[in-house]
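Dropping the structures in below, format is structure tokens.
What follows is a pair of complexes built around chain A, which joins chain B in one and chain C in the other.
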Partner chain A sequence: MANSYNEITRELQEIAAEVFAEHDIKHLLGFGRGEFSGLTEPVFLKKPEEAERLIFQDDAAPMLSKYLLKYKPDLQAVVAKPCDSRALAYYISEGKISRDNLVIIGINGCPGIAGNTACDECDTRNPVIVDYTVGEEMSQEELEAELEGVKYLLEDMSPAERKEHYSREFSRCTQCYACRDACPVCYCDHCYVESNQPEWLEEGSSADKDMIFHLMRTMHMPGRCVNCGACEMACPEGIEMRSMTTHLYHRAKELYNYRPGISPEQSTLFSDFDKEDSEPGFLQ
Partner chain B sequence: MATARKEKQEQQKEFDPKIIAFLCNWCSYAAADLAGSSRLQYPSNIRTIRIPCTGRLNPLLVIKALNKGADGILVSGCHPGDCHYIDGNYYARRRFTMLKDLLEFSGVEPERLNFTWCSAAEGRRFAEIVRKVVDRVESVGPWQGFLSEPDVVAEKEAGEIEDGEFL
Partner chain C sequence: MIKKLTAQDLKELLGELRQKFLVIAPFRVKQGRLTKVLYQPVKTNDQLSSIYFKEQPDASPKEYFLPRDDRLAEETAGADCQPEEWSDNPRLFLGVRSCDIAGIELFDDVFIENDFVDPFYQRRRENSLIIGYSCQEPADNSFCQEVGIDPLENENVPLMLYDAGEGFYLKVQDQELLKGFEILDMLQELPEAESSELEEIVTENRKNFSGDEFSLELELPFPEKEAFTSVDWEEATASCLGCGVCTFYCPTCFCFKFFWEEIEKNRAWDSCMFSLFTAHASGHNPRERQDQRWRQRLLHKFSYHPTNYQGSPGCVGCGRCVSKCPVNLDIRKVLNRVEKTLAGEGVKGNES
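Our next item is the complex of A and B:
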């Protein structure tokens, strides 16, 4: 069963004090109440006395893993939702950050984030790599029971309907790149959208350029997307864009039995191959 | 008025698909060469782009080609196991499968996206493949763009007037 937010918050505060006592960390990254917004925001805790600032609420939407990359030579502690822990495992598998520099406080049986559609079809309710845990672990049977009959977004639509759906959705896109910035596994220093040699994305905004931006962004995602829904949560226009990455997430699972960030040792989807890979729809 | 007339003219014209063919230098480009030097006839709808290996094919190039008005795409490389760079086409295979899945999911007809293997000795097969690809693309008609409402795009670009349109 999923744990309650209050229970997790209480345990987090206890464990945070423990982590400060046992490790010489630079900071502990977790969720706290925003001073002005009143919302749940990422907070960096420097001292053990600050541990009581830690909370976990149903609006703890930001993905914390990306913040860690900025301070990666230092020992850092982080509160990780299961999806965050997968992003971290993915970083480690790519050699982006060292496991030795991380103290991970994982949230077992994550109760999910309000308004995030990805949480309804979440297949990872326990963190994959942890040093400390809070909450009770969710058993595989429970997870399977919850996922019973759950369909991923737009799975039932026909391609023509989806085309219309995306045309409508992406007509609202202003290319603010919030989806890219919020994504935990979208961390290149030099992004294709800002590149002008070659110029992947032309200047100016129009409906078809918005569509191109999203298609190209999605094409960077197979084998990386951990299906956390952060892109959609960050979008100021409320555009439904997760269905594209989610589709590729499920296809990679079907075709190659590959799920990103499941283990720090696995290789990435595109840096590996099997000679017996299937060739769906190839010309013979 | 002028644009309406232009559109009508364009519709009347027979559909002559434009297909961008990304051919790998070591096998498929040589196959195209062989087809040419063997005097084999095949439709002239393909525009060849020579790439060092299918593994070099950035998926974004395919999206870009479609965006720039290509009606179809053909990517051809060495047969699995025969890659000049040992395993470039194995990587390409995964990448292209994912790209194909994404584009088909978002409404691009599968007939437009063609991926195949063609060795340097298969000139005849190359001509056949091109014929097949042209048939496939012709069966789905001209490419209308990634969006289902071309009006949305037309409206935003209405500011640009072509030279001589008022004359």
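Our next item is the complex of A and C:
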């Protein structure tokens, strides 16, 4: 069963001290409480005495894996939710970061993040790669029982209904790019958004351009999106963009039995293409 | 002059005002997983009962003065164009809090200066009447008093609205300005109230604003050179993801970019938090890293702006950048680091 936030917090603080003692790390990335806001925020701990700053709460939404790429190749320790651990496995499988540069403190039996719809359909409640763990593992039977009958967002909608939904949702987009910036697998050094030679995305905002931004981001997601929901949690306009990526996630799972970031040795969805693979088209 | 209104009086007054003004007021709006409070135009009198004053709106009325997308001119037309939708329609903004009023005043400083007037901003501004609103309790993460803003009283708007639980008080502060908008007659009919009644309410509400944990000791402007070079900006802002949420929600961030759409010249919001903001055509970028962009944002508000505008802060302390940030990166924490660093360097505030 899922562990409690308090229990995870307590164990994290203990294990952090061990990690500092056993590894010469640049920093330990975890969650702490904002000095003035009281809100949960990413913290970069440098000293063992800081271990007691670590917390895990239901608003620990950011994906910490995102920060690791900035400081590689230094040895870094990171507190990883199961979805974060999948992003890490994905990074390693793509050669973005070396396993040797990471000390991973995985959260077993993750209790999830409040308001994140991705957690409702989460199929990875224990981390996939770890050096240390906190909390009790959740058994496969339990996980399956929890997922019994769970539908992913918009699963039963027709393409026309989905298009209508997306048009309405994306009309609120302000192109702040928080979704992209919060996404652990949006790690391109040069995003198409920032490209003006050629200019993939024209300047200015309009319903069409907002839609183009989201469609282009979505087209980069099959076989990469670990279905963590960080994009939607980051969006200040409450745009239900995850309904698009989760569709691709589940299509890849149904059609090719592929889930990104399950193992560091995994091939990417497109590189293990087989000519027998079905080709129904992703947006159908 | 102070008027006492029931909720019904206020509705009737607004109903009348709607004949002359486009009334823009805060409403609760469902957006995906979020319920937000947003300024929206009142389209029917029925909507007047749904106006929502209880919380700080999620966004300031910035977009009504500096739209996210703004058509400026047509190449073939020569002179600047004047889109019809905002030309002659006076607008009334209802329930604007002191932080957001200060945001608009900052825009006035920047866009209606002696040497430079932005006619697009000016037209919208001069067509707008603002009814201020006295806060009853601090908004999440706000620190307006630390940047010299009084959340309860504001003399810079012609009308100020106070929530009295049962009904409202409306203080008329600038009759001259109201004459131009011809609404004094409508107000005359409402019953007068004693100023002591209102003072009592304000004094009571003010007690809710005493517990700020955060205090800003350093005087404005921050010493530019010392702050620029001595603060560990990377350490203070390491969690920044580089999105534009803080700047888009900021009531004082006004940076924009120009672009062409066929023959139309447009401008749209830009953000100093974006890497493209300072990217040169050569490929060189003077602000290559996110901490350098953060330094720019903070020093613009606390050093460069006050330097250029008689010590006036470039931040109104509304707290939205903290509440909206996907990683809750707190500007108060960064300010605190700046203060501590400068104190260590022996830099005192610019004593006046």
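The working rule: the second predicted complex is superposed on the first by the 280 of 284 C-alpha atoms of A that agree within 3 Å, B and C clash if a C-alpha of one lies under 4 Å from a C-alpha of the other, contacts with A are read in each partner's own complex, and residues count from 1 in each chain.
One rule holds in what follows: a contact is a pair of C-beta atoms (placed from the backbone, for glycine too) under 8 Å apart; a residue touches a chain by one contact, two chains touch by 3 or more.
Note that the structure is predicted; figures quoted are calculated from it, not measured.
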Quiz item: In the superposed arrangement, does A:Phe56 touch chain B (first), chain C (second), both or neither?
Solution: neither
Practice problem: Considering only touches as defined above, state whether A:Ser206 meets chain B (first), chain C (second), both or neither. | Solution: both
Exercise. Check the residue A:Tyr249 against both partner chains and state whether it touches chain B (first), chain C (second), both, or neither.
Key: neither
Quiz item: Thinking of the overlay built on chain A, is A:Tyr91 touched by chain B (first), by chain C (second), by both, or by neither?
Solution: neither
Quiz item: Who does A:Phe273 touch here: chain B (first), chain C (second), both, or neither?
Solution: first
Quiz item: Is A:Met216 contacted by the first partner chain B, the second partner chain C, both or neither?
Solution: first
Self-check item: Touching partner for A:Ile239 - first (chain B), second (chain C), both, neither
Solution: second
Quiz item: Which residues would you name on chain A as touching chain B in one complex and chain C in the other?
Solution: 206
Exercise. Give every residue of chain A touching chain B within the complex, in rising order.
Key: 159-160, 162-164, 166-167, 170-171, 192, 200, 206-208, 211-212, 215-216, 218-219, 222-223, 244, 247-248, 251-252, 255-256, 269-271, 273-275, 277-284
Quiz item: Which part of chain B faces chain A closely enough to touch in the complex?
Solution: 59-60, 63-64, 67, 80-81, 87, 90-91, 93-95, 97-110, 113-117, 129, 132-133, 145-149, 152-153, 156-157
Quiz item: Which residues, counting only chain A, touch chain C once they are in their complex?
Solution: 34-37, 39-44, 61-62, 66-67, 115, 117, 169, 172, 174-178, 180-182, 194, 196, 202-206, 232-240
Exercise. Name, in rising order, each residue of chain C that touches chain A in their complex.
Key: 31-34, 36, 58, 68-69, 140-141, 213-214, 235, 238-239, 241-245, 248-249, 257, 259, 261, 266, 268-269, 271, 274-276, 279, 322-324, 326-330, 332-333, 336
